[in-house]
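Order of writing sets the labels: A, B and C. Residues in every chain begin at 1.
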Amino acid sequence: MATAAHPAAPQVRSHAHPPGFFRSFRNRLRKLIGTDWLGYVLSLVAAVLILAITTALVWQLWTQSALSRAKFGWGFLVGRTWSPLFEHLGALPFIYGTVVTSVIALLIAVPLGLGAAIFLAELAPPRASSWLAFLIDLLAAVPSVIYGLLGIFVMVPFLRQVVDPALKRTLGFLPLFQGPIYGVGLLAGGLVLAIMVVPFIISVSREVLLAVPRDQREGALALGATRWEATWGAVVPFARTGIYGSIFLALARALGETMAITMVIGNDPKIRASLFAPGASIAAVLANEFVEATTPTYISALIELGLVLFCLTIVLNGLARLLILATSRRGGAPA
Amino acid sequence: MSSPGIGRVPIVRASARATEAGAVPEAPPRIEVSHLNFYYGSKQALFDISLQLPTNRLTALIGPSGCGKSTFLRTLNRMYETQRHTRIEGEILLDGENILGMDVVALRRKVGMVFQKPNPFPKSIFENVAYGLRINGYEGKLSDAVERSLRRAALWDEVKDQLQKSAHALSGGQQQRVCIARALAVNPEVLLLDEPCSALDPVSTAKVEELLFELKESCTVVMVTHNMQQAARVSELTAFLLDGHLIEYNPTPQLFTTPSDPRTEAYITGRFG
Amino acid sequence: MITRHRFRKITNAVMLTLTGLCALVAVGAMLAILGFLVWKGAGSLNWDFFTKLPAPVGEPGGGMANAIVGTGKLLLIASLIGLPIGFLSGVYLSEFGGRPMSFLIRYVTDLLSGVPSIVIGIFAYAMVVVPMKSFSTLAGGFALGVMMIPIAVRGTEESLRTVPPNLREASVALGASRTTTILRVVIPAAFRGILTAMMLALARVAGETAPLLFTAFGNNDWSPGWTHPIASLPVMIYNYAISPFRDWHRQAWAAGLVLLVLVLLTNIAARLLFMGRAAEAER
């Protein structure tokens, strides 16, 4: 690397005897590495850069949304109309869509994920369990746009032709399952999110379940509990803070997820009771409208939506990490 | 029959108790083990063990660590089944019925177990003791049964005002007695104790030992211990295991005063282990 | 009592079966995703896909050569930004960090990893696109790079922590400086783990679409240099999938298959590398 830094070293004589200048540079470099502070300073600079980037991120979100915050105030969060043309901008339809789809996602993903985690941690032979967990980890690595692709071309037609009509027939007395069926809509958004967050619930829950000491399981079995009773009555409660953590983590993922939901939610910023109706989420409106936004207020309002999303996910992530940490630190004993 | 300061009771007194209890081996057997072999994978851990555990007596299992005493204990309620690649041969009769063919849930209801390290569930004291009753669909009044069990475990006076407190907040000795109460709540016929005092301080140990004397009036107790004084103090019968073989099984006073096998003598005089 | 016992046994069997079904559904989802992409995508894959530019609307054929190169260029910029910062910060946390500073860095890194990718896109837009007055490879790469940082930090720190302290002490006791010790002893010992983390970080951002929408934007042609809008596979999939053209849908499936195979192979390779390390440690 020394030669690279000095390509024009003046008097190159032979490899065995580097020129004085070259040698002194190498020596200097060696001396530099021989100090304690070089590694310290370099790595500290990088660490400080992370601080700077994150600060810049928060600062940008805050200042760039100033216009919108000044104009709409707190009313932005509860405004029900989104009409960029007249600059009536309220975030409620997007917040509604985000929350509803995330709730649907959790309602499906939590039982499914927890069930699968229990199977992998408690019942499957260790070898099979780690292979299945490997497959499920890969599921978490599938890019979101691919879920969207499958959502548009596979799931939405299936919902339109099979699932939605069936729901309407059986549960149609509920306002949730009334109205015209499009295929795209809140239900489709929630479903695709559910499939996307399941791997997170499984892999975190499986790990906290595996960390439960064996004597808890045996304690219950020794009292004549069946395998399921020991799992559900002793092992799962022991790991419950960690499991809550995995759910919060999944929720944070669901809230911030963009591409898949943009592709199937229908993108109509209205609040409707029916889950069949198209809706919109914060992330989806950003993906759809940011590039087309023209007026400063419009852009600023979109960035404020980004700020809202940022705050939501940060709070949830923080809670999730605290819970998971509490489980691992206290060996799982909840308060 | 509670004897204060039982922790200091000398060996002689314990042997006197055993003799008082009558001709020990003649008590009818509750558990009969014959030709028991046990394997972890391809490694054999127990070799052709045969013995009878008399009703309402306390039998101690002693031997150096790794001799198979805990393994043997875990065959009596089939707890070994929670481990993988284990294999068992032979016969274990509980009241004449082979436990290897029994429904394992019913078996464990009859044969309770207390572990080496206290393992209360992260629930309240009350819920811990009530757990076994709840899963078995207990029909009577839960609070009465919980009180009864806590009294039998000599813990009632210490915790009666804080039954809703988490069991994890108790001291180690109290936790272990919660675990004993939890096991007693379902009225087991047999109670297996796997070094129940190894994680306890001397005062708690004395309390647990005192409790054992009461337990064996209604329960057949099998206890693994690494502490020979403890075995001598509390048991009527003692079995000495070495490398998976049953070396000697005799009334406790006899085994400790006139062992019939030189290996037993070597062990109890402290020459190994 | 008997009936209660039977009820418990039945509950036991039913619930245990249900958990198995849950696992089956999750694994089935994975296999279904793979299956659909192979089924729908493989038919549209041909040599043209890898070598030609996108065809204008209405004309059949064409490929995504520019998007494949574009994804490569974006990942290059992202790696140049994300990996060094992430790696060095990981070294800082594991080898140097004092208490308050480490806590702060860890906290901020966690925070950064929780930021939704679309928000990272807004950030890159404000930081790079606005000052440069143009969508660009640099802006897209910056967004992806920021997303790589937390993964690289955590992976590096965790790997370095598995190096036993006595190895460091042995080196320092021989008169080596801390810098030398880290360079010559600690990092080589943790090399596989660090490489795994870097590959996972790369795989993670390779499929990201949201942060590219208004940073790299998209391009139907080649993008010269680093300061022009640039096409990428994920954005291409998105645009083609929501388009009304059947031919583009086919292309989207093909691109989806290529992207998925790329991401999964990187993932599997990274994990195999890591497992290899675990096996080595056992020996």
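The rule is simple: contacts are C-beta pairs under 8 Å (C-beta built on N, C-alpha and C of every residue); 3 or more make two chains touch, one makes a residue touch a chain.
None of these values were measured; they are calculated from a predicted model.
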Taking chains as nodes and touches as edges, what kind of graph is this: line, ring, star, complete or other? complete
Give me the two chains with the most inter-chain contact pairs. A-C
Can you compute the centre-to-centre distance for chain A and chain B, using the mean CA position of each chain? Integer Å is fine. 50
Using the average of all C-alpha atoms in each chain as its centre, how far is it in Å between chain B and chain C? 55
Taking each chain's centre as the mean of its CA atoms, chain A sits from chain C at a distance in Å of 13
Which parts of chain A, given as residue numbers and ranges, touch two or more other chains? 226, 229
Multi-chain contact residues (two or more partners), chain B: 105-106, 135-136
Residues of chain C touching 2+ other chains? 8-9
Please name which positions on chain B make contact with chain A in the complex. 77, 79, 82, 84, 105-109, 112-113, 115, 117, 119-123, 131-132, 135-136, 166, 168, 179, 182-183, 186
Residue ranges of chain A touching chain B (in the complex, touch as defined): 125-126, 213-226, 229, 233-234, 237-238, 332-335
Chain B-facing residues of chain C, complex: 1, 4-5, 8-9
Chain A residues touching chain C - in the complex, by the definition given at the top: 33-40, 42-47, 49-51, 53-54, 56-57, 60-61, 64, 111-116, 118-120, 122-124, 132, 134-139, 141-150, 152-154, 195, 198-199, 202, 226-229, 232, 252, 255-259, 263, 283, 286-287, 290-291, 302-303, 306, 309-310, 313-314, 316-318, 321
If we count contacts the way the header does, which residues on chain C are in touch with chain A in the complex? 8-9, 11-12, 15-16, 18-23, 25-27, 29-30, 33, 36-37, 40, 84-89, 91-93, 95-97, 101, 104-105, 108-123, 125-127, 146, 149, 153, 176-180, 182-183, 203-204, 206-210, 213-214, 217, 234, 237-238, 241-242, 249, 252-253, 256, 259-260, 263-264, 267-268, 271
